[in-house]
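A, B, C, D, E and F label the chains in the order they appear, each numbered from 1.
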Amino acid sequence: MEKGVRIYGELALISGSGNPELARSISAALKVPLLDVQITVFPNENIFIQLQQSVRSKDVFIIQPTCSPVNYNVMELLIMIDTVRRASAGRITAVVPFYAYARSDKKDKPRVPITAKLIADMIGVAGADRFLTMDLHAGQIQGFFNIPCDEVTAFPLLTRYFILKKIPNLVVVAADLGFAKKARNFALALGAPVAFAEKRRNGPETEYLGIIGDVKGKDVILVDD
Amino acid sequence: MEKGVRIYGELALISGSGNPELARSISAALKVPLLDVQITVFPNENIFIQLQQSVRSKDVFIIQPTCSPVNYNVMELLIMIDTVRRASAGRITAVVPFYAYARSDKKDKPRVPITAKLIADMIGVAGADRFLTMDLHAGQIQGFFNIPCDEVTAFPLLTRYFILKKIPNLVVVAADLGFAKKARNFALALGAPVAFAEKRRNGPETEYLGIIGDVKGKDVILVDD
Amino acid sequence: MEKGVRIYGELALISGSGNPELARSISAALKVPLLDVQITVFPNENIFIQLQQSVRSKDVFIIQPTCSPVNYNVMELLIMIDTVRRASAGRITAVVPFYAYARSDKKDKPRVPITAKLIADMIGVAGADRFLTMDLHAGQIQGFFNIPCDEVTAFPLLTRYFILKKIPNLVVVAADLGFAKKARNFALALGAPVAFAEKRRNGPETEYLGIIGDVKGKDVILVDD
Amino acid sequence: MEKGVRIYGELALISGSGNPELARSISAALKVPLLDVQITVFPNENIFIQLQQSVRSKDVFIIQPTCSPVNYNVMELLIMIDTVRRASAGRITAVVPFYAYARSDKKDKPRVPITAKLIADMIGVAGADRFLTMDLHAGQIQGFFNIPCDEVTAFPLLTRYFILKKIPNLVVVAADLGFAKKARNFALALGAPVAFAEKRRNGPETEYLGIIGDVKGKDVILVDD
Amino acid sequence: MEKGVRIYGELALISGSGNPELARSISAALKVPLLDVQITVFPNENIFIQLQQSVRSKDVFIIQPTCSPVNYNVMELLIMIDTVRRASAGRITAVVPFYAYARSDKKDKPRVPITAKLIADMIGVAGADRFLTMDLHAGQIQGFFNIPCDEVTAFPLLTRYFILKKIPNLVVVAADLGFAKKARNFALALGAPVAFAEKRRNGPETEYLGIIGDVKGKDVILVDD
Amino acid sequence: MEKGVRIYGELALISGSGNPELARSISAALKVPLLDVQITVFPNENIFIQLQQSVRSKDVFIIQPTCSPVNYNVMELLIMIDTVRRASAGRITAVVPFYAYARSDKKDKPRVPITAKLIADMIGVAGADRFLTMDLHAGQIQGFFNIPCDEVTAFPLLTRYFILKKIPNLVVVAADLGFAKKARNFALALGAPVAFAEKRRNGPETEYLGIIGDVKGKDVILVDD
């Protein structure tokens, strides 16, 4: 926050079950302790959450990637937002580095859902004020949110990593034409040529059609979603 | 619908994975076939739904109790509602005979969620126009819904069953004082005395405190939630 | 607020006509004066409110139990919230120790309203950010609110009062089986036995069916809603 | 409805307590019976409503002017809309010929409410789909509604009445400069001159400043709100 | 803000293309610089906006009268609000001294829009928290906003200007009976007589019907919208 | 609509100023006349719309591509939806074959708007029930709408056109790597090879980086957005 003004109350970090280690790293880096939260799963599979400390007026960040088990983690995230909101937090930011259902972002067939939008709506309705994520499958998913959405990217970290490796004979390959642009940008940053794999998806099945560009005998960095 | 007027378009029944047998029974009783729906769970655990037939302008009933696996079934219900809504259905009724998270219906401790309200909001936001359920844990849950909510009860079926059994030495026992009234009404209907078990819950633990009323040597019908 | 941070601006107290004496007591206890508010009822029965001081950016608490005259007080509460919101208050908390229409909290008959939910919605729509109440008829009413809702209870005050009285021959009686649990908890706190009155309501009429438990010759504390 | 198509289900008329006689006249004119509704006011002043017949899928018109007792009638209207909505009506039209709080339609002083907007919001939130009223204090109030709003006017009825009376020496006087245009239109329709009374309102007090135009010895029709 | 408390973060001023000179005057008067904003209009007429500085947590005021080119300026205002909201501003106030479409504020004919309400809704949906305007065509437009709306008036500035001019033979004329009251108030403040022009509008055409009051040989101040 | 059931009332077609010829073609193809609509632009640039015929209960389709003049046409579309909604239409479908601002669909730079989402929200808030468009810039834009959105595509028409032309020496070139997949699908349908142009956009400027694939001496079909 600019100039040391703290307009949303004291910072508070809460970790869901998604990736507690990540949450502990963030907590350590920020030197802000994680709040005590008791997460219980009853024998009837119902998730129950109780915050052990007050979040009244605080600026709460809930860290919960929606990784496996996906549906459990989505529900836990939503219940946690509801808990924090009803406890009169000052502001709630959902920090979801991995966004499940991100591929279900358009109706490319008739009579299918747009689940990535549904999840965005549910996060807003549960009570989040802001959303923070990382390298979305498609940038348009930001527009699914009515609340402000910040997307950070691992792009600079990844390029630096490969540049330092000094791999001599590199080619960047897009695993699907949908990432052609992403792969090209990555290749430009590495000073490497780019190639494209062509595939077609049929439900859960995928058919590979070939590769455009020269990959023979090269070290390949594959860009996938 | 009164007088044969069909104002919401043709009836359409869809079954989720919750209880396909129940859906088939309803379909058979109504002589209305179940719609073909393809439900896929990808290796990344994402649920994907595609309706195989049009629901455009139809009066769609989605039959999906949120029984075990609870969080999966809740998510599947929401995604199915989204699918049907985006396919331009005329009206959508979510039929959820078993309502998960119904016990999480009040803040009886500080800093806990009201998940039963959260689920109600999500069903509305996903796009259901009406909600149909059965014997809610607390009648107030109807008020959690902004959409009309109809609650049917198995009370007459159950009382008739026990009356026909002609059990001579019967007592109706409420497993918890929270169901004292329900147990009393049941006992009145059966012409039997009523008794009350006292218990206290601590998180997932429960402590029994005793029984008020005479149950010694009697056949007990236990009323629980 | 923790650590003296005031994130919602200066505290401001406003009293409606519901219970000005209560508002004055709160004001005296907090050492925060009540804002000047001019409440006019025109000959056409329309309520008109004008705040005599600015509430711009302030953390406003409106104290208005919806006691008799009930419908007048509900309308005055809503109009007052609208007034304060349009005057650009920073945050608005409706303090409603007595919540009218609380018994109308479920559809226990066909084609009846859930007025307790309607009132909750109207308080939210008028512009309250938070709701503060006391000993609700049913805890689930908290879930009727989309805004955070805090419920305080007179339970500790009441138990202390009776414990200090040292009444020797006490029994706690639930006036209705719906309060069986509340009465039991009260009895436990007082170290007294509990009994239950059975009644049935028919519209405005009530039929008493008897008492379960021993009350003969005892001093009775009646737990009613 | 054009061409006899009935797309909202069968017509149903319901009367509140506001003006049952008006409702009976409408019912007689349309040859559609009024639905049986049981309206109870409990000793605690709570209004309770139960519809005695189904409105499922029907095209319901609720007739309830918000005349005296104003706040009671507003609350009864809202509760009735909630009742009808939760009973799964097909469409709900609130028919409110007299609209209370219509003068409270702007912030002409600092820190006052816009109650006419608040009422419009509450009617929408309670669940009305459409609003029907008559000769609003200001046409802009239609814009307060998010739902479609139809305003009918008694203007043609009133002008015909006075034209048939053939009053020889007529002048139309606006009781306030705010109705100058309305009075002028009325005078034009009657072929009579127009005059304007000047007044200023101070809270409930009104100060008259004089009359612009010639009224001496004439028969006056006063146009007021 | 009272007492120097800054609860919404640092002030930030942004100017749209509507009236940059006005924005610069406000900036100079407040001694707060205007934020750098890059507004691009692509060859396909799409407006694109990029803020060159952070507005995170700031109390942002967007200065954009919706003057000519009207539809461009309305769209630019909405896009600018969206930009600022998605950049996580603390609070957003739309400052719109001239409000386009203000005359389209009621359905005085069948089947016409209420565009002034539509604009108000769009400003709210785009993400403004508060609205600031000047001398609205009708005060009721304030009620079209769900967000707080402050209306300032040039009335004292204008009256002082004419009082200092000491024009001897003055009359204030309402250009339309709809402004009769406004003209009268202006005349009272100037100690001058008032007169009224009568006109009727037919779509874009206007027919003048005459003047009520004495204007012959006088200096006229015309009050129009 | 399946089986001739008309559940939304009679069909009604309305054309905005965007592309009246297209509207007339649709009207002729459907043998449904266009409704008379009077669109006036006042000297103050305000758009005013009046429907000349009733749309009460009708199933209204508004045909308005948001082509040049873009901002005018967007505003006209929104005002037309508002007009139709307030005239109590049964259902409103906005038919927008060309969707302006579609490229502004993600925050690929900090502090930019997502105007494609803003437009989607405004169409919903103005009152459309359904949205119909064609070949969106990105399929995800469908997810920006809360109302059902149908996207039709010219893909089969275009491929048939080129197949019938029997161009011997064809290559399909994506004008930007973002359309790599679209171009590939088009090439597959035509049995032609595919190539990719690499470009980078900087605000309104574009820098071309080269072409991947063989285009020398071939007839090129360029796939652009």
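Keep this in mind: contacts are C-beta pairs under 8 Å (C-beta built on N, C-alpha and C of every residue); 3 or more make two chains touch, one makes a residue touch a chain.
As the structure is a computational prediction, the values presented were derived from the model and not from experiment.
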| item | value |
| --- | --- |
| Chain whose mean Cα position lies farthest from subunit D | A |
| Distance between the centres, which are taken as Cα means, of subunit B and subunit A, whole angstrom | 33 |
| Distance between chain centroids, defined by C-alpha means - subunit B, subunit E (Å) | 53 |
| Rounded Å distance between subunit B and subunit F, as computed from the means of their C-alpha atoms | 42 |
| Where subunit C touches two or more other chains, by residue | 7-8, 54, 86-87, 107, 114, 117, 121, 142, 149 |
| Chain contact topology (line, ring, star, complete or other) | other |
| Subunit C to subunit D touching residues, read off their complex | 38, 40, 42-52, 54-55, 68-72, 74-75, 78-80, 82-83, 86-87, 100-101, 103-104, 107, 109-115, 117-118, 121-122, 125-126, 203-204 |
| Residues of subunit B touching subunit D in the complex | 1-3, 5, 7-8, 130, 142, 148-150 |
| Subunit E - residues contacting subunit A, complex | 6-10, 54, 56-58, 85-88, 90 |
| Residue ranges of subunit E in contact with subunit D within the complex | 105-108, 114, 116-117, 121, 138-144, 146, 149, 151, 176-178, 180-181, 184, 194, 196, 198, 212-213 |
